[in-house]
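My structure is below; once you've seen it, I'll send some questions.
Should a chain be cited, it is by its letter among A, B, C and D, assigned in written order, with residues numbered from 1 in that chain.
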Amino acid sequence: MHIGLIGLGKMGFNMRERLRGQGIDVVGFDRNPGLTDVADLQELVAALPAPRIVWVMVPAGEITHGVVKDLSEALSAGDMVIDGGNSKFTDDQIHATLLAQKGIRFLDCGVSGGVWGLENGYGLMAGGSQEDVELAMPIFDALRPDGDRAESFVHVGDVGAGHYAKMVHNGIEYGLMQSYAEGYELLEAKDIVKDVHGTFAAWQKGTVVRSWLLDLLVKALQEDPGLSKIAGFVEDSGEGRWTVEEAIANSVPAPAITAALFARFTSRQEDSPSMKMVSALRNQFGGHAVKPAQPKVE
Amino acid sequence: MHIGLIGLGKMGFNMRERLRGQGIDVVGFDRNPGLTDVADLQELVAALPAPRIVWVMVPAGEITHGVVKDLSEALSAGDMVIDGGNSKFTDDQIHATLLAQKGIRFLDCGVSGGVWGLENGYGLMAGGSQEDVELAMPIFDALRPDGDRAESFVHVGDVGAGHYAKMVHNGIEYGLMQSYAEGYELLEAKDIVKDVHGTFAAWQKGTVVRSWLLDLLVKALQEDPGLSKIAGFVEDSGEGRWTVEEAIANSVPAPAITAALFARFTSRQEDSPSMKMVSALRNQFGGHAVKPAQPKVE
Amino acid sequence: MHIGLIGLGKMGFNMRERLRGQGIDVVGFDRNPGLTDVADLQELVAALPAPRIVWVMVPAGEITHGVVKDLSEALSAGDMVIDGGNSKFTDDQIHATLLAQKGIRFLDCGVSGGVWGLENGYGLMAGGSQEDVELAMPIFDALRPDGDRAESFVHVGDVGAGHYAKMVHNGIEYGLMQSYAEGYELLEAKDIVKDVHGTFAAWQKGTVVRSWLLDLLVKALQEDPGLSKIAGFVEDSGEGRWTVEEAIANSVPAPAITAALFARFTSRQEDSPSMKMVSALRNQFGGHAVKPAQPKVE
Amino acid sequence: MHIGLIGLGKMGFNMRERLRGQGIDVVGFDRNPGLTDVADLQELVAALPAPRIVWVMVPAGEITHGVVKDLSEALSAGDMVIDGGNSKFTDDQIHATLLAQKGIRFLDCGVSGGVWGLENGYGLMAGGSQEDVELAMPIFDALRPDGDRAESFVHVGDVGAGHYAKMVHNGIEYGLMQSYAEGYELLEAKDIVKDVHGTFAAWQKGTVVRSWLLDLLVKALQEDPGLSKIAGFVEDSGEGRWTVEEAIANSVPAPAITAALFARFTSRQEDSPSMKMVSALRNQFGGHAVKPAQPKVE
């Protein structure tokens, strides 16, 4: 099999490596001249045998939209685009419709595994038609870990369903990380607990909470005991927000995942407007002392 | 009526004023020589006609416990102690039992109203026997606002019930303040909203969210537009914690009140251990950049 | 002043009454022939002096959109439409743009006060230009309670800002109600508390938690002691969801308001899929007994 | 090595099996005559070589307290008691002090692994002195999985620290299960998702959320597709409550774990008093319809 891969960043670069290692020919395209195999999209398309398959692995939103639009012009009927990025599931139907006008096939595929996927293989969640999924199966089989396909690949449902499942996956991930992190803070806070790192390490085998994230947590504490080098400042990249938006849209209570999302928001605030107000109110009714705002350091 | 009042702090001082203004004779005792009417407890007891009534208005916990113990020795059978402080309801039965050994009566009374109680009168929640409540009624009537007694005084139930009701009152207060505060932050965050202060002011009459706390919020914004002088750092004094503990003990879901309590905890953290861990985990699996910890300024 | 009012439901009907009582001439239009003053929109427009002002008070979404569209065709340059319904703030700019193409003015106005507004007056939050707000001021003054205008009316900001403020108002309302409700459940759960109704009643004067909602809570307990006639099933009408969506969009932590929204979602579930899963997991790892699903009663 | 084991329930029975399989002689005692090896405690003590080691594996609280008291009378100086049950960490110091009066050693040990521990081995968290931990190490090595000791055993800290770590472990477990469960409900709610079971199955390898709990979740869905046989009713056995109590006591925000705890409380309510109140309030201010309470079926 011989496919195109657009986007050779942290994820795409590793995926090109893994695909090639599994015997798939890959022509990669990236705006970074040090990474790309071809000069432009036209060259990429020309290099591929028809019907062409192009895997898109670029940032969600405007950039993915632009690439899909370019591909809708560069590709031909019977070719296929697979969006493996973290697109919002609502974008998928738009892209599928745009490409279908030219007879181009479309699959969306959620990809999990982070920087470890090169070595371990990636967990894959696809959305689209059964026929299109089967055409792309050799790629999925190359990307996923060895062993039973059902343990690392799923055809979730219609167009968008792959990214929907990946979104929920990431929402769960928020909740899992927050849960471990709250436990970490509780252990750190207790005087009778002398070996926090050792406690997490000892949970790796035999306990109910063992997981890959726990293994990474142990590794993180080993590399930076007490996490002294890292600030409690956490970005979010969209899927957590979308998960809570979908919880709202579908009337699904999601308090743990939402708690994880809000904790990230709070972690990025230098000072909290809402807590300023609570402090002001306590002062108003009870005469409770307030802490004065710090002068901004320039 | 002629009663003793122990504790002339922010609350007790005002209560002495209000009681006297309503025709109750009050002998106040405080360790602060500038505030006290008598030199010591013995002098206070000697000044009161039997059967004596002593209202205790000192910090909850050890200090209240000490005062009640001293009173159990200084008072006589038929006298009465009323704990008007913010004691935990579980302390009340202990105090009632201690006093009962000497035939001394006990009432617990939750008092709300803050620094405004002097002028407005206080909301009162009493726990104890019907007979004891009736004996103390002239005091309750003097402390509470004018008008219908049922709108500002309640005999909640057995010993401890007054403080239990006050604890729940304060738990609700946490939730109310947090709700207004979240709304404040949402209004402040939105570019099309030009007049945040005016918006809260306009909610004072006619809207569903009008309340005394809202009036104070408007006052706070008037005194310090944008709350620029105040840090988002909020203490808590116990009742919020006890409310959530009781929620747990009684299997009552209390997510809004608990959210308010946790927001206060977070507001007091310079850096969050749990969010350091979430950041470390994101870095481990996804190679996401972390924000380095700030060096401590000495 | 002589205006049109479209929508004579629970809110609109009362507003027509109040406006007329305050000396504003009102031509009302409703699809319900028993309520309407005119047969159709054309008749309404014909009845009004130019420049015309038409207040729209119909359900948000499709229905409001249809009415605005009809008005964009029926009205003339210089006329004004005021949307007083619970429209999402993002609809306002769409409507303003549509009407502006014909030179028709637009204001959005959040209205609070519920069924009590007829008697008490309504709290009002307007969005739009200063000039348009001033033109409509006699209407606002007639609808709002007597007294200082700043305590019941605000020009919040640009088009959409009025509905944005009303949305936040309702989000706060969710949090306030949830807080009182959690306190109610805590009081009901405690054996030493004998008089739950009396406790809430006694909070009406003097306490920190006194509010209009508290007065209604006391009234509700009076009409239905123990709330025995009412199920714990709570609808939501949109503003709460939008508030949380805006919290997400603006990275504002809103845990208390969100807790209130999720509690409503949960209240409407006959059985919770997520709790089925938690039960299944406990059974898997610990052999803990599960409660079997009830057969559906037909 | 030759030890005693008191309590042969779901956990203790399996542990006796595993210990024997690993070459440890075990005399088991249980009130159930079909399970016990000896008739009473005296017989158990008589059967053991001195210094004796007795592992206690009975329900936390009164029952554990009674067993420890009996052992304080039956054992001799130099013997050791290990509490492997789910005792609250605050009980451990009480038990250690009681036993120390007779010169009896005490260790607390949190044990995780559920019904799978017999086969997989158990994760172990011990609290007590270094000397006592070393004496008991052959037992720990027999109970834990093969491989590196640090991945399944930890000496957490002083007396109580083992159970504290187990408590936090279970608190985390609450959060993890709730997170997966919320994701499950979101996938079930979405029409474009056709294969929920397959999606979870495909997360088992390669994804960030892979874990032992996920494997059990897949197994649960395989055994009962759609979880149709199970009600959304979830018990809790104490550790989750204690975790949140400790969060409060140590001012640690724990919103995700607390959300999981409250979701369990809610799952067990036939009707929610707090949501009855919210519904009553909506009816009061807005005239919104309420759902009438269902008559109780006898």
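Here is the rule we go by: a contact is a pair of C-beta atoms (placed from the backbone, for glycine too) under 8 Å apart; a residue touches a chain by one contact, two chains touch by 3 or more.
Being a predicted model, the structure only gives us computed values, none of them experimental.
The minimal number of chain-to-chain contact steps leading from subunit A to subunit D is 1. Chains that count as touching both subunit A and subunit C, per the definition above, are B, D.
Seen as a C-alpha superposition, subunit B sits on subunit C after a turn of 180°, to the nearest 5. Distance from subunit B peaks, on a Cα-centroid basis, for A. Work out the mean CA point of subunit B and of subunit C, and you get 32 Å between them. Centroid to centroid, with C-alpha atoms defining each point, subunit B and subunit D lie 37 Å apart. Here the spacing of subunit C and subunit D, counted between their Cα centres, is 46 Å. Each of residues 114, 178, 180, 182, 185, 189, 208, 212-213, 247, 251-255, 258-260, 262-263, 266, 272, 274, 285-286 in subunit B touches at least two other chains.
Those residues of subunit A that touch subunit D in the complex are listed here as 89, 112-114, 117, 120-125, 127, 144-145, 147, 150-161, 164-165, 168-176, 178-180, 182-183, 185-187, 189-190, 192-195, 198-199, 201-214, 243, 246-247, 250-260, 262-263.
Listing the residues of subunit D that touch subunit C in their complex gives 10, 114-116, 177-178, 180-182, 184-185, 188-189, 212-213, 216-217, 219-221, 224, 227-235, 255, 260, 263-264, 266-267, 269, 271-288, 290-294. Interface residues of subunit B facing subunit D in the complex, by the touch rule stated above, are 208, 241, 244-245, 247-249, 251-255, 258-259, 261-263, 265-266, 268, 272, 274, 285-286.
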